[in-house]
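Following this line, the structures themselves.
Look for subunit A in each of the two complexes below; its partner is subunit B in the first and subunit C in the second.
And now, the complex of A and B:
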């Protein structure tokens, strides 16, 4: 597999670090070049990192329930930066409270995310999706 | 130890703290003290916790907080009535925890517009003193502020003047697992301010309980590290005049180890209080049900909740903080929250007259844990050369204290924990922990047993399997079959 750059991070004021570390490990093991921004990443930092690393995909995590507020406008910032083609994934516990995931998925797709992953997704599923979307199969 | 912060200096800093957000202008120490004195004693956290300890029961407490005041009050009333909570919380939202009051304000406005909470907690600073008092007046049990704030000075000023009588956190436990870029010296000094404030209330006859956040990152934290950090935060707090302190511990999952950890922690804490001459401190304990990943299936989640309740009840923890069947999915509904409380209540009631049976493994576990925690605390004190704050700062920089999976860049992050074959949390990679060969051999030997059972060398993959294990219905992570 040729080198594929990914940007990984937990958005907003969220400090959930465990899944982030596991994703970094699993994505690296799967052969991707991972630029992990860690926790508490702003929208601007995601855009900047995607530009600097020539990333093919940006994986945004949110575990604490503020995902809706934190992710709004992210896609627009990518478009403004000329990064229309960069894949945007989001996953985690994206909203406050137990809500129907179909509805959550619809909401985040409307915000411009290419894929939306529910709570409890294993790293392998994200890796599989990346390979499909990036034509690496 | 350097002693209490000078009152003049404290009052000087206080002016800046209160100026950080408009609601700070509402705070008056005198008014806050008078307000507490006018409250009935059954609403005081420290007083009730002391009573609970004397009675030898395990009190139950949920986590809860939403963006809008009336909804928050309704939530707490429901948890008091339907969930029979002995103590209530007010969980603070994550923007407030990072002092981002503008964003919290936006969260309140969007919640009003959407008719549902868009925040994961109650933004107490934005509301100010009087809405906090409304919460205290509407419920009949003591209420604690629970959060994760490295700089909680303004939050403490507002909520304590607002009638809250317990405040969770600490300069280590609310920095290392909750922040990325906050230097330890900054968070510890900001928390010394909080402790000094509580000391001020105590000097004027109002007892406020302080609680350390024992679970840290909530994921495979070796108990001795928790114990050492709790003791350091206890010493920092009592130095500033705190008179009621609760040591905290997160469940690991092996009953022997969990009970030994809670008992060992109290024994060692009492030893250090005595050594440094603090005699009039009410020391209590809180046990947190499993803080790591939960099963999505609610019946399975109830089993995890119940197992935490068993450990808390048998260890005779003074308080247990309760999880909910929605844990795997994020912030729970009020009904799910009450269900967690009821499950826990049933168990602590059933076990209240039963004691943990002391056994050899428990005794060995407790002895080893105390040895480890003592080694960490002693090395930290040495590094400080009489200055505890400097000692803690240096100990983290050197990896003498090291918390696994922490987001803070001021934590070395070189140690790696893993479960042994009985599910007890051991240390696979020691980083720079100041442990002697006896301790190291103990951990190595236990992990070797597991490795042999599973036919694999202990590795990072084993650790990942452990992190997911409870969510998948096991305690010890099994190798994946392809």
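And now, the complex of A and C:
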């Protein structure tokens, strides 16, 4: 597989580090070049990192229920930076409480995310999706 | 007795230090005006003459020089994102002893290109993209620079995957070198190869271009820019006394060097931003006691108030130093004013050099993010340069660089021991250590503990 750069991070004031490490490990093992920004990552940091690394996809995690506010406007910033083509994925406990996931998915897709993953998604699923979307199958 | 001669060919003075190499002891010091505009050897000979008047008759076994004359090593840094590759390039240039005139990010505009031509830097450090990352900006900027009539050297330290293509663009148009990427990935700063190449360019090209080559009729070699010699001296000193901060207040700039890891000292702190070099140098171009003193006055109104200096007294003194930049304070009041100005430089420069802690409230409680180096635990603060060395109460001036309870987010040293480079030997130790580390270490005994 040709080297594919990915940017990974937990957005907002979210300090959940464990899932982030697991994802880094799984994605690296799957052959991707992972640039992990860790926890408490701002929208600007995602944009800047994607620009320098020529990332093909950016994987945003949010575990603390504030994902909707944190992610709003991210796609627009990518467009402003000339990174319209970069795939945006988001996953985790994106909203507070038990909301219907189809509704959550609809909301985040409307914000410009290409894929939205519910809580409890295994890394393999995201890897599979990346391979499909990036034409690496 | 084996003697070594060390010269710092500075912008105003050429300073000479004679060291007895076995004991690493400083035996004589002299200075003379630098004459790089006419013939640099004139000033050096004046300096040697003064040394012989002091009874130094023996032949020197080694004669080494560093220089910051003729504007020093002047560079501009070009990167992609301002706080990523541009910042990495700037750090590399500063720790190589350069004066960074300007930095540029993203695609160079026609105005930027005009400015670069006007600045006429000795070296343009061109970065952009992590390895395997973005190529577009690096290639575009290389094309734009290749069309200019650049006299200096372009040092390329960007995305490895674009290096060959960049070489193709620059080939035959400008003088250039290719270095490994200064930021191979977002968590790795790789400045050493860039530093080494900068030094190589300095030796091969810049020494000649600045009229310093003639100095080599007298000395064995002009080894490096003086700020690099000082940084090397500071690194050597750190091997002796532990992690340290070195501060040098000058007429136009204030330099701060920290030789320290600077990792978080309390738990629950996440590090953000680029990794920091172990030996880090920052230069504040707006903080100096003569040419840039206007800003210093502006930044430190409180300091004058606390020292009971009236604005009339201050303005009177400023008048004098505007008229005559080499004027030194004479009366107790003037010394008081000079001290206040120096304190402002120390404090402001330390505030900018030290890392900072940001408090972030998360649903899980309070959390901290650290940017830059945590220097709170560093146990040595060293002063060098005239204004600090000749200050009447150097300990009070250096104390302006300490941690402040009322701005606890700025990670300055809490209880450092104070040292003073009274004999100005750091540059000489840095030069000497290149081939005699032991003697260099011994020479640093001249750095006095206060």
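In the analysis below, the second predicted complex is superposed on the first by the 137 of 137 C-alpha atoms of A that agree within 3 Å, B and C clash if a C-alpha of one lies under 4 Å from a C-alpha of the other, contacts with A are read in each partner's own complex, and residues count from 1 in each chain.
What we mean here is this: a residue touches a chain if its C-beta (ideal position, glycine included) is under 8 Å from a C-beta of that chain, and two chains touch if they have at least 3 such contacts.
Since the structure is predicted, the reported quantities are computational estimates derived from the model, not experimental observations.
Taken together in the superposed arrangement on subunit A, subunit B and subunit C clash. After overlaying the two complexes on the shared chain, residue contacts for A:64 are found with subunit B and with subunit C alike. Applying the stated contact rule after C-alpha superposition, one finds that A:5 touches subunit C and leaves subunit B untouched. Contacts of A:33 after superposition: subunit C is touched, whereas subunit B is not reached.
Look at A:53: by the touch rule set out above, it reaches subunit C but stays clear of subunit B. Legend: residue contacts after superposition of the two complexes on their common chain; A:22 is shown touching subunit B, with no touch to subunit C.
With both structures placed on the common chain, the touch criterion links A:13 to subunit B and to subunit C.
Of the two partner chains placed by superposition, A:127 touches none, neither subunit B nor subunit C.
Judged by the touch definition given at the top, the superposed model places A:104 against neither subunit B nor subunit C.
Set against each other, subunit B and subunit C touch different numbers of residues in subunit A, with B touching more. Overlay on chain A, subunit C versus subunit B, candidates 113-121, 293-301 or 365-373: the clashing stretch is 365-373.
In the superposition on the C-alpha atoms of chain A, the part of subunit A touched by subunit B in one complex and by subunit C in the other spans residues 13-15, 38-40, 64-66. Listing the residues of subunit A that touch subunit B in their complex gives 12-15, 17-18, 21-22, 25-26, 38-40, 63-66, 68-69, 93, 95-98, 119-120, 122.
Interface residues of subunit B facing subunit A in the complex, by the touch rule stated above, are 93-95, 97-98, 100, 103, 106-107, 110, 116-120, 148, 177-181, 217, 219, 292, 296, 326, 328-333, 336, 405-407, 460, 464, 467-468, 471. Here subunit C touches subunit A in the complex through residues 80-81, 83-85, 128-130, 132-135, 183, 185-187, 270, 272, 360-364, 367, 369, going by the rule given at the top.
The touching residues of subunit A, counted against subunit C in their complex, run 3, 5, 13-15, 33, 35, 37-40, 48-49, 51-55, 64-66.
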